[in-house]
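In what comes next, chain A is part of two complexes: it sits with chain B in the first one and with chain C in the second one.
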Partner chain A sequence: MGEYTITILIFIAIQAIVSCGLNVIVGYAGQISLGHAAFFGIGAYASALLTTRAGLTFWAALPLVVLITASIGMVLGMPSLRLREDFLAVTTIGINFIVESVFLYVPFFGGALGIGGIPSVYLFGTRLKGVLFLYMCLAFLAATLAISWRFTRSWAGLACFALREEETAASSAGVSPVRFKLTAFVIGTAMAGLGGALYAHQMRFISATDFGFPLSIMMMSMVVLGGIGTLWGPVLGALILGALPEIFRPLVDYRMLLNAAVLLMMIRFQPEGLLGEGGLLRRILPGRGGEGRG
Partner chain B sequence: MLLEVRDLSVCYGDIRAVDGISLQLDEGELVSVIGANGAGKSSLLNCVMGVVPGRGGSILYAGADISGLPSHRRAALGIRFVPERARVFPRLTVYENILTGAYRLKGKIDLPGKLRMLYELFPVLEERRDQLASTLSGGEQQMLAISRALVSDPRLLLVDEVSMGLMPVLVDRVFDVLKMLNRERGLSILLVEQNARASLGISQRSYVIETGRITLEGASGDLMEDPKVREAYLGL
Partner chain C sequence: MDDALLRLESVSKHFGGLKAVDSVSFTMKRGEILGLLGPNGAGKTTCFNLVSGVYTPTSGRIFFEGRSTGGLPPHRMSALGVGRTFQVVKPFSSLSVLANVTVALGLRRYGGLFSSFARFDTPEVRSEAMRLLEEVGIADLAHVKSGKLPLGNQRRLELARALALRPRLLLLDETFSGLRHEETEMLSKLVREVRDGGISVLLIEHNMKVAMGLSDRLVVLDHGRLLAEGSPRTVRADPRVIEAYLGKGDASDAS
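Right, the complex of A and B next:
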């Protein structure tokens, strides 16, 4: 594998982790979020600051990064307790813009210059770069998938599915909407925080514009393309949308056009996603992807 | 007194759907509330469950005022709800639908025993155990909604328009089950129905509501003989 290919695969793995987090919120708990890049950014900035200014290693910072992102995720998830569907979508877009502006305009976060000099990741004295960094990302992706799978099999998962399907019926069956919507936001944003930390240490330089609204749309596209609410959907979506621009490199000027065309075709012909109910790949791969009960 | 509703109102904007209703239900009683479409029956029941907020008045359950509690807290106290049009979780399996009713009760109830009891009551649910609830017929969805409520071993069951859209033979079946649960298992049930004949037939006492107010109340047998009820609700 060339270095270039490895770099592409690292980004795909990171986006798959973050999309899995979005899938917990949108797919499992049914809460529309169009601001997921904000939490990806919070994870990246938290890790960057803790490693550059507080002098922690990547590994020492990581638990804090996940904790910080998930705590902010819980607070910013609160609008979902009052707002439904399109109102929630607009609010989460707003959250994305606010978080991006804070990174951009508050000097503590480096302003427009962003944060540079983010240290590499070392494990047992070995510097993880190139293919080693890729392996680490894949290990984290595997852990993320394991947690997602475990979640779908838990009571909390069942409670989230019930809320997604029929909120009033779920609450009259004893399921607390507050507790489980926030649980989904905590788990989903924790995954985004993990992805953000990996991103920061791969790039070694980050700035606010890396975490804007278009990235949130891209993440949502990955989840929708792969199959919303399925286990493997976000991974498939990240793989396709991450690889397409490389495959169609000669058509680089038309990249956004192609992305839009793919999404429109999906909405028209595969609304549940490739791995979702009645999806193209679901039919080819019997038994696959059904774990998530899309 | 298991449930006592005092002077309760429910408003949607300027519209007063329930206008100062008071009613009681004793432990072990099956009480029905009948009335025409739009009379405020469902609003009343939704308010008792905590799905819509009440305005003024109070709801006492087992002696305590529950009107400030969210619905999941009321559910935790033993009140369960069979909502209008069943409201099953369409993309969950039949089994998972029932399981949501037992949320946080693991260890407190005999789940396998409860499931056996429910499957005995509604054998079709056992046959369709692993099917998505969206593939069930309207009647089967009602049975599933009842099972989801019963699995928790509730103390008070609220049933909203269970006969709506069901074919007559199924209406009889569902009402037989409700009657059996009340008579043999001592389950307290508050039933809200447009189908006056069937609900007067199984309940001990009934209330008639019109445009948000109670206009008549009494033993169901007496109401069945009441000329106004006969004309307006039984079509006799």
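Right, the complex of A and C next:
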């Protein structure tokens, strides 16, 4: 594998982790979020600041990063308790813009210059770069998938499915909407925080514009393309949308156009995603996907 | 604690200028099947939503087992022992029939941090859910998506889901509407069995024959107000009830 291919695969793995988090919120709990990049950014900035200013190592910072992102995720998930569907979508877009602006305009976060000099990741004295960093990302992706899968088999996961399907009936069946919507936001944003930390230490320089609204749309596209509410859907979506522009080089300049076209085609022909109910790949790969939808 | 399972004291619910429920009081005894009747728009479903916690009363008080519960949210009411079905069925459509019932079996586990992250797909939970599905007669449909069931089976599923809460009060909102004769018979029998098992039943029913046949006592609402209360026999003979349903025996009303 060339260095370039490895870099692309690292980004795909990171985006798969973050999309899995979005899938917990949107796919499992049914709460629309179009501001997921904000939490990706919060994770990246938290790790960047803790390692450059507080002098922590990547590993010491990581639990704090996840904790910080999930705490903010819980607070910013609160609009979901009062708003439904399109109103929630608009509010989460707003959250994305606010978080991006805070990073851009508050001097503490480095302003327009962003944060540079983010240290590399070391494990037992070995610097993790290139293919080693990729392996680390894949290990974290495996852990993320394991947590997602376990969540779909837990009472909390079942409670989220019930809320997604019918909130009034769910609460009459003993499910507290407040508790389990926030649970989904905490788990989903924690995964985004993990992805953000990996991103910061791969790039070693971050700035606010890396975490804008278009990235949130991209993540939503990945989830929808792969299969919303399925276990492997976000991974497949990240792989396809991450690899397509690399395979067809001329498409790079038309990335957003490509995403929009893919999204529209999916809505028209594969509304449940490639791995969802009736999806193209679901039929080819029996027993794959569909978790939490059946 | 008194003998009353459920007591409404001058309960009102206003939506803007509309008095959907207007100062209604009645008491329900333990072990009773109480029928809630009234023409369309009389406030029956609003009453259910008040008792089950979907709405907070504008004024008045609701007592369940001697405890004032007006304003508690639905998931707290279900934990206290109130199960319900819906007039317009609300299954968790993309989940299987089995999973629908399992959701309600989780009632005692949703409270704790650790218990809520325990696995739900255990053999014990599955067999408990299957037992409930057998009780309502749809065990053979356990793995079908609930959204694909015909209405009659969705109503049975809602009943199983409410029973999974092990309630002490069961609210049935037009559970018999849209059902075939045999289904109605089967469910009536089931409701009696449920009551004999110690669960009190408050039901809304448009089918007079079913309502009269099942209920020990009836409460009749009209325009949000309590119109009559008593045994099926006395309520049926009450001229005010006849008037509310059929109108006055006056030629000018014939239009």
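Basically, the second predicted complex is superposed on the first by the 287 of 294 C-alpha atoms of A that agree within 3 Å, B and C clash if a C-alpha of one lies under 4 Å from a C-alpha of the other, contacts with A are read in each partner's own complex, and residues count from 1 in each chain.
The criterion applied here is as follows: contacts are C-beta pairs under 8 Å (C-beta built on N, C-alpha and C of every residue); 3 or more make two chains touch, one makes a residue touch a chain.
Every value quoted in this text rests on a predicted model; they were computed, and no experiment measured them.
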Fit or clash - chain C, chain B, common chain A: clash
Partner chain in contact with A:Ala208 - chain B first, chain C second, else both or neither: neither
Touched partner set for A:Ser171, first chain B, second chain C, both or neither: both
First, second, both or neither for A:Ser154, with chain B first and chain C second: second
First, second, both or neither for A:Leu34, with chain B first and chain C second: neither
More chain A residues in contact [chain B versus chain C]: C
First, second, both or neither for A:Ala162, with chain B first and chain C second: both
Where chain A meets both chain C and chain B, residue numbers: 155, 158-159, 161-162, 165-166, 168-177, 277, 293-294
Chain B residues touching chain A - in the complex, by the definition given at the top: 49-51, 70-72, 74-76, 80-81, 83, 87-92, 96, 99-101, 103-106, 145, 148-149, 152
Touch list for chain A against partner chain C, complex: 150, 153-159, 161-162, 165-166, 168-177, 179-180, 183, 277, 293-294
Touching residues on chain A, where the partner in the complex is chain B: 155, 158-159, 161-162, 165-166, 168-177, 277, 293-294
Contacting residues of chain C [partner chain A, same complex]: 52, 54, 73-75, 77-79, 83-84, 86, 90-96, 99, 102-104, 106-107, 109-110, 115-121, 145, 161, 164-165
